[in-house]
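Sharing a structure below in structure tokens format, with a few things to ask.
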Amino acid sequence: MAQIFHPSMRVISRASILAFLLVVGFIGWVCWDLYRSGYFTDVNVPKEQPIPFSHEHHVNGLGISCGYCHTSVEKAAFAGIPPTHTCMTCHSQIWTGAAMLEPVRASYRTQRPLEWVRVHDLPDFAYFNHSIHVNKGMACQVCHGNVNAMPLMRRTSPLQMAWCLDCHRAPEKYIRPVEEIYNFDYVPPKDQLAFGKELVKKYNVQVKQLTDCSVCHR
Amino acid sequence: MAEHKHTTLVEQPEPLVSPKETYGSITDKIAGDVLSTKTPKAMMITLAITSALLLVFVLAVGAVLLFGPGVWGNNNPVGWAFEITNFVWWVGIGHAGTLISAILLLLHQHWRNAINRFAEAMTLFAVMCAGLFPALHTGRQWLDYWLLPYPNTMGMWVNFRSPLIWDVFAVTTYLTVSFMFWFVGLIPDLAAMRDRAKKHWQKVIYGILAMGWRGSAHHWHRYEMSYLLLAGLATPLVVSVHSVVSFDFAVSLIPGWHATIFPPYFVAGAIYSGFAMVITLMIPARRWYKLESFITDRHLDYMAKVMLATGLIVFYGYLTELFFAYYSGSMYERFMMYNRIFGPYWWSYWLLIFCNGVTPQVLWFKKVRTNVALLFVISLIVNVGMWLERFVIVVTSLHRDFLPSSWDMFRPTIWDWSLYLGTIGFFVWLIYVFVRVMPMISIFEIKHLLPWRGRKIDTSADAA
Amino acid sequence: MIEKNVDIQTVRRTLAGKGGKEYWRSLNELAETEEFKEYLRQEFPREAGTWGEEFSRRDFLKVMGASLSLAGLTACVKQPDEKIVPYVKAPEYMVPGKPLQYATAFVMGGYAHGVLVTSHLGRPTHIQGNADHPASLGATDVFATASLLHLYDPDRSQAVVHNGVMSSWEKFVQSAKPLIEAQRALKGAGLRILTQNITSPTLHWQLQSLLAAFPDARWHQYEPFNADNVRDGMRMLFGEDVMPRYRFDRADVVLSLDADVFGLGPGNVRYARDFATKRRVSGKDASMNRLYAAESTPTITGGMADHRFRMKASDVEVFARALAARLGVPGVAAEHLPVDETVIVALAKDLQSHRGAGVLVVGAHQPPVVHALAHAMNVLLGNAGTTVEYTDPVEQQPVHHLRSLQALADDMARGAVDVLLILGGNPVYDAPADLRFGELLAKVRFSVHLSLYDDETSERCTWHIPESHYLETWSDARAFDGTATIMQPLILPLYATKSAHELLDELFGEARSSEVIVKSFWKTRSAASDFESWWRRSLHDGVVPATHLSPKSVAMKNVSWTFTPVVSGGMEILFRPDPSIFDGRFANNGWLQELPKHVTRITWDNVALLSPATMENLNVRNGDMVTVTYNGATVKLPAWALPGQPDNVVTLHVGYGRTRAGRVGTGIGANAYTLRTSATLWRGEGATIEKTGEWYRVASTQEHWSMEGRPIVREATLDEYRVNPDFAKHMAHRPTEKESFYPPFVYDGYAWGMTIDLNACTGCNACMIACQSENNIPVVGKKQVERGREMHWIRVDRYYVGNDLDNPEMAVMPVACHHCENAPCEPVCPVAATTHDHEGLNVMTYNRCVGTRYCSNNCPYKVRRYNYLQYSDTETKSLQLMHNPDVTVRNRGVMEKCTYCVQRISAARIEAKKEDRLIRDGEIVTACEAACPVQAITFGDINDKNSRVAKLKAEPRSYDLLAEVNTKPRTSYLAKLRNPNPELAAVQPLSRSEHHG
Amino acid sequence: MNFFTKRPDIYGLMAEFDAPEKLLAGAERAKRAGYREMDAFTPFPMEELTDALGIRHTKLSLFVLCCGLTGMLVGFFFQYWVAVIDYPLNIGGRPLNSWPQWIPVTFELTILFSAFGAVVGMIFRNGLPRPVHPVFNVDRFELATKDRFFLCIEAIDPLFDKEKTRKFLESLKPDHITVVEHVHTKDPYHQGED
């Protein structure tokens, strides 16, 4: 009887088993990472907008507060995207000739709204309500990041359910006094957890309810 | 062992292997059938039919993936119908292999050696068919992987309270263990195939699969231990799998489902249907491949006896259900039984009693048990009966439950039938592939049954 | 009322630029236009993402891919970018994401039903009742709620049509003007206007000024189901044109003479509410009203009755005569009796002992003399002025509809009509068959049909003008009690449509907009010093102050009674409006087509209703196709056995057999109008029924009628209740906490629960449609209903009680998810898609559901609904605008069910939390609760012992359905009571309650 | 064989028998003769050889037990962690730790882990896969899976001596005796006669 296989098969046969396990593990790792990567979550990926609107300039440079444009953030589920009219309150006075702002003026002229690309876009079956969050001391910064330092708007949070749960399970990690929700320079106290727990109690946040399915899905 | 008194096989009513067979002839016959390019003509004809069914299967799967479970006849009270009936039926069939391999091994039933390979392969394919149904019956089949507990960005896990999750674990465990059992059993035979193969590519393929098996005594020692352990593990597993499948029903509160008798009753039914299917497949295979030397009439006799025994247990189960319904004092339970017997699906109940309860009674007679043609017909009847049993449990329980306002009828559509018949095509097709590429009888285990000086083969314990 | 969006104009221009007949019949083409897509994107930004062009139509991958992209972030497909489109200039009152409600009125048969319409970003999404409106008191009937669907119906007429060819409004006006001018010279001798029943003060005002300018012109009104008989009866009895109005809240004994007062007709919602106030039984010595019904075809009113007497419609007159004779109405003698004499005696006694607290009501289809008899009895019994009020007619110009239409038909036949304006209605379809209205139209040179749909009448007219939906335009109308409502639009017309006001004003006036016309009319009427604030107030409240009609005192004439001769033998045929699609005007409304009809629970079809005995005589079974021949015409439709139907009576519901209703309503059922002539508008004798040998599958949502002796609807008589108030609790064994294997979960916050009072529920289906509208529940179509896959989250079960198959009693039971604390559905879900929240809701997370259907199997109430196929219409763009954005639209393969309107709970919880307070009792009103005319449904926090729901649950009548399986449901029922007359015990058995262990 | 010890020139000597009892007798004699590093190759398992060759009893069952226990603990506590600690949900009013409902999965995982242990343990301890092995150089070795029975005394056995051992094997009256070469000595695809 002759050997069927080349002697190298001694190693190859065993290595292939190991390799198979490694490949399976690798694929698992790639999937794990891919779903959490910027490719999938769009974290830190600025989107092309009709106008390269700079939050940095308007917030840090001009000191405009979030609520000036996002008017319904304390009142409604939707924070509100400012109508062209809001832009024109200033831009009918300043930078009136800037080419960059032509779409704004065109919108105002033609009554055709501007079409922004949604940056923070939850799936349609997740019902997020801005008003309850900001009214209970969850600052803009916590989810949206340092918008005041963003020349172009981008996500800083993956907006995945596990990410939501992180805070819904322990809001004390992020909660702050309601007066500070628009403050990008807020520094949490050293004993944030203890302080946070106090605030949670003060604002009557029912933490155990926050992981109920019906809180976000209807 | 050596001091055992020498006994001849002549004392046995009929030897388990024809006395004219030798180690060499066994090997040449079984391996030769695989390596030969000739296929029996009858097999080619049935293969054509099977292939047509396979096409139907592809269409039926495509339809349900494309349009959803709405292509079937399921409706609001009857959320499960053919698909779960088929699932349970196939899982049940998938019980014979492991039972034969494991339980009969532990019980020193040597006659199992001739049929275990085939039955194990049948088990694998039946479980594959079975697994398709739960996977296809969900509305969003592309999300079936949500039934697996894996870390995800939703932070969600599965609900371990659900019998469907138990099913996932039980069926995948069963499939994995059955596959390992089958594969481990195949290793020495794959080596034999490697050594018999004429063509280099055949040698390579069988060689890779045999993993370099060389029949070393050291290896055999561990091998036998491992095989025994697997048998020991598979035995409770096989019992648990159909128990878990029965939990799908028993855990619910629907009259006709909510019954503590279900686990044993389901396991017995599974063995019953499994043996029926083994007989259904073995009889033509034995004939076409002329395997009468290995699968003797005595084998058929034993299988028929197992069928009779399990058939009686199942029949007892039917009687118990009647008694439970009466004794529960619950109007819902009583109505359920009444509805089974006299309701709009009365025919399925009576047919089931005929197929599963009445027909097997003829197996009390040895003449029937050894009449190949008759046995084949009986096995087919039992197969149908066991399908009806699941249909009765699934559909007639659901279609009239608590609130009469919701009562409705289930009417199967062409897609219900297509998928069912399609899986039969898929199943038989896989069996054919198996028969053509793998030894359908375990070569080394048959050899194990040949006596040699210094070892007797005591098959006196082989009584079903 | 809404921000003017320029893109509507673009869409409209595109529409106007297109020609050809197919175009506006198929919405596909419209959907393909870039402009329309663009428009929708802007109106409805959240939906934009799913309309990506990357998938080609009918492609396998597309189906998979589309589903995957909806499946969410964790699936292997990246979420596509979405656009977010702000306003150019935001309306001040509108906060995006917060719905607004506006008051307006839904009009049917001329009568207004005050509604509040919910608007999300300018899209009306839900209609509920206006609590300030007398016909509504906050509730609705099915038609009012379902009228929303017409607004978005893709089959709605969208363009002007001239002789079957697409045209334009401008061309229409051009060709109409010279003809009108020519008529002006003839004083309008050849000008005719046909309307439906008109109560609109503005339209009446417009028509009056028109008739002043064209004195020889004529205005005709026709409704296929009108109040001619009532009006004639009143004239017969009182000699003047008055109309009765009932006060069931004052009545202890009610006799219905074939009247479906709670089911159909003006004031039905209000009447049911008033009636129910006398059925809210609480405490040991509670009292309750008693309802007798002498009825032909069973209705929900008959179903509510404590005594229902089954008789032919013609025998109702005989019955009324016997009773009148017994009560001493002058000049009336009994002839023969359709019922046991004890009935008449007991009934007369009961009515007499409740002088001023009894009431007799008569169905509009009964001949005038029955109305006269009944009201003569009402006057004699002192009921007039207390339980019955007589008022001037609500209509500005009441007419005898049949005679009005006949006059028009005569003129048309004579060739005297040159110009005919048909404002609404569908006379070609629903006029009496002998008038041959469709053929007569050919003799009219210039006929115009203004209607919501391009229907049978539009086809026969030279011009068809698409009509604005009532939510798109200004108008006004009066309720059954005269109260006027100014109807305001919630959205600009979706298509180039006109209202009747605009059409008339264009042709005969100054071409003003509806708003200007309506406002200028009310300027002439309002006595207020500050018209603008009066106007705003009227709009806001949805009622115009001081328009209610006051009761009049009337005097009975000396009537010389002429009774209808009794024709014996032969098959009686009855024509009745369909309980779901009425006279056919709702034929293209999928919600209503799929709504199980009162009593029969049939959907999508009309059938020949026969009594079981008659079925047996004819040797037909349910679904056997029969031909019904009458007046020389024949219809073919399936026979259907209806217990409670009198023998030898066939009832046909009209409204089916439409040939030009739209994709939903065309070609289903049989057109019973073809058998209905002027002489036999309501009923006739001598119909022949023949078996054809064919069989037809009727889609009924309930196939089993009996409770099988199970304690489902639990009921007792009032007397039994007084002895044993908690009888219902003893009808089944309810396991105690100790019997449970597991310790109970503790709910220490809110604990939502519901009660349904079976003693009040009439089975009117209002809850079903309200739920469908609120929760984006799809229509599945007849084939799917046949298969048993209807999607209604709340259903109304109908059972027959008693062992008399021919005349059983009826019990109805609304069933929705019970939100069981020990929910059997939850532990079996493999992916935890259905779970409990801390407030005790059984919540369904659609996006987690993979669709195993196990939960549904394990639900003893069978209230879960499964999307067997892709039922939600994701292709038709206009229907997407209708969706409630607060409720996820479910796709194929997903289980769904009643959520207790979790979106409303969430909204209330968030508001309460922001204000740092608890949710108040009654702050959350579920859609079904809001719609319920009889307030049978109460929702609230059962942990709050002072809440309405907690108090009702403490009532002895309260019981849990299937409590014996220990589901601990949060929804409970209040047992039904009947109040039979002990003197009728011999005729009808009394005892209701069976006692179980 | 230790890495540092010098490898013998050949793998060993192989005797071929045509009946199981002859192999058994031979093995017993070889053991009595003091040989330890030897192996037998048979077409079916011969339990008798375990003693005849002095094969050490395998500890596979203990390993499988450990695997099973691991599976059980992992199964149970994973379910506990999911339902009680990581995402507690009120499911149909059942307690968070509704352990009776976790028995099936715990059981299945116990079996699954054990079965893996039994198979992987056997394969691993047997040194499989081993597609290339010196014994395959033996000319008639393919009959070891058919009807021949081989006894191989390996060169690493301290008593092994090419000539003496061959003599000893001849005394067993085998059909053939073959020298088993190492795999590397020759081109495996062009092996000459031995």
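Going in written order, the chains are labelled A, B, C and D, and every chain counts its residues from 1.
We adopt the following convention: a contact is a pair of C-beta atoms (placed from the backbone, for glycine too) under 8 Å apart; a residue touches a chain by one contact, two chains touch by 3 or more.
Everything numeric in this text was worked out from a predicted model, so none of it was measured.
Simply put, of A-C and B-C, more C-beta pairs touch at B-C. Taking the mean Cα position of each chain as its centre, C sits at the greatest distance from chain B.
Chain A and chain C, compared by their mean Cα positions, are separated by 46 Å. For the pair chain B and chain C, the distance between mean C-alpha positions equals 56 Å.
Centre-to-centre spacing of chain C and chain D amounts to 80 Å, using the average Cα coordinate of each chain. As a whole-number value, the distance joining the C-alpha centres of chain A and chain B reads 53 Å. Among the residues of chain C, those touching two or more other chains are numbered 73-74, 824, 827, 829, 832, 835, 837-838, 848. Touching of two or more other chains is recorded for residues 152-159, 161, 163, 165, 194-195, 207-208, 211-212 of chain B. In chain A, the positions touching at least two other chains are 1, 4-5, 13, 35, 160-161, 165, 213. Residues 65-71, 73-80, 134, 137-144, 146-147, 152-154, 156-159, 161-165, 168, 248, 251-254, 331-332, 335, 398, 400-409, 411 of chain B touch chain C in their complex. The part of chain A that touches chain C in the complex is made up of residues 35, 39-40, 47, 72, 75-78, 80-86, 107-108, 110-118, 121, 123-127, 129, 131-132, 135-136, 160-161, 204, 206, 208-209, 212-215, 217-218. The part of chain A that touches chain D in the complex is made up of residues 1-7, 9-10, 13-14, 17, 165, 211, 213. Contact residues of chain C toward chain D in the complex are 742-745, 820-827, 829, 832, 835-838, 968.
Here chain B touches chain A in the complex through residues 151-156, 194-195, 200, 203-204, 207-208, 211-212, going by the rule given at the top.
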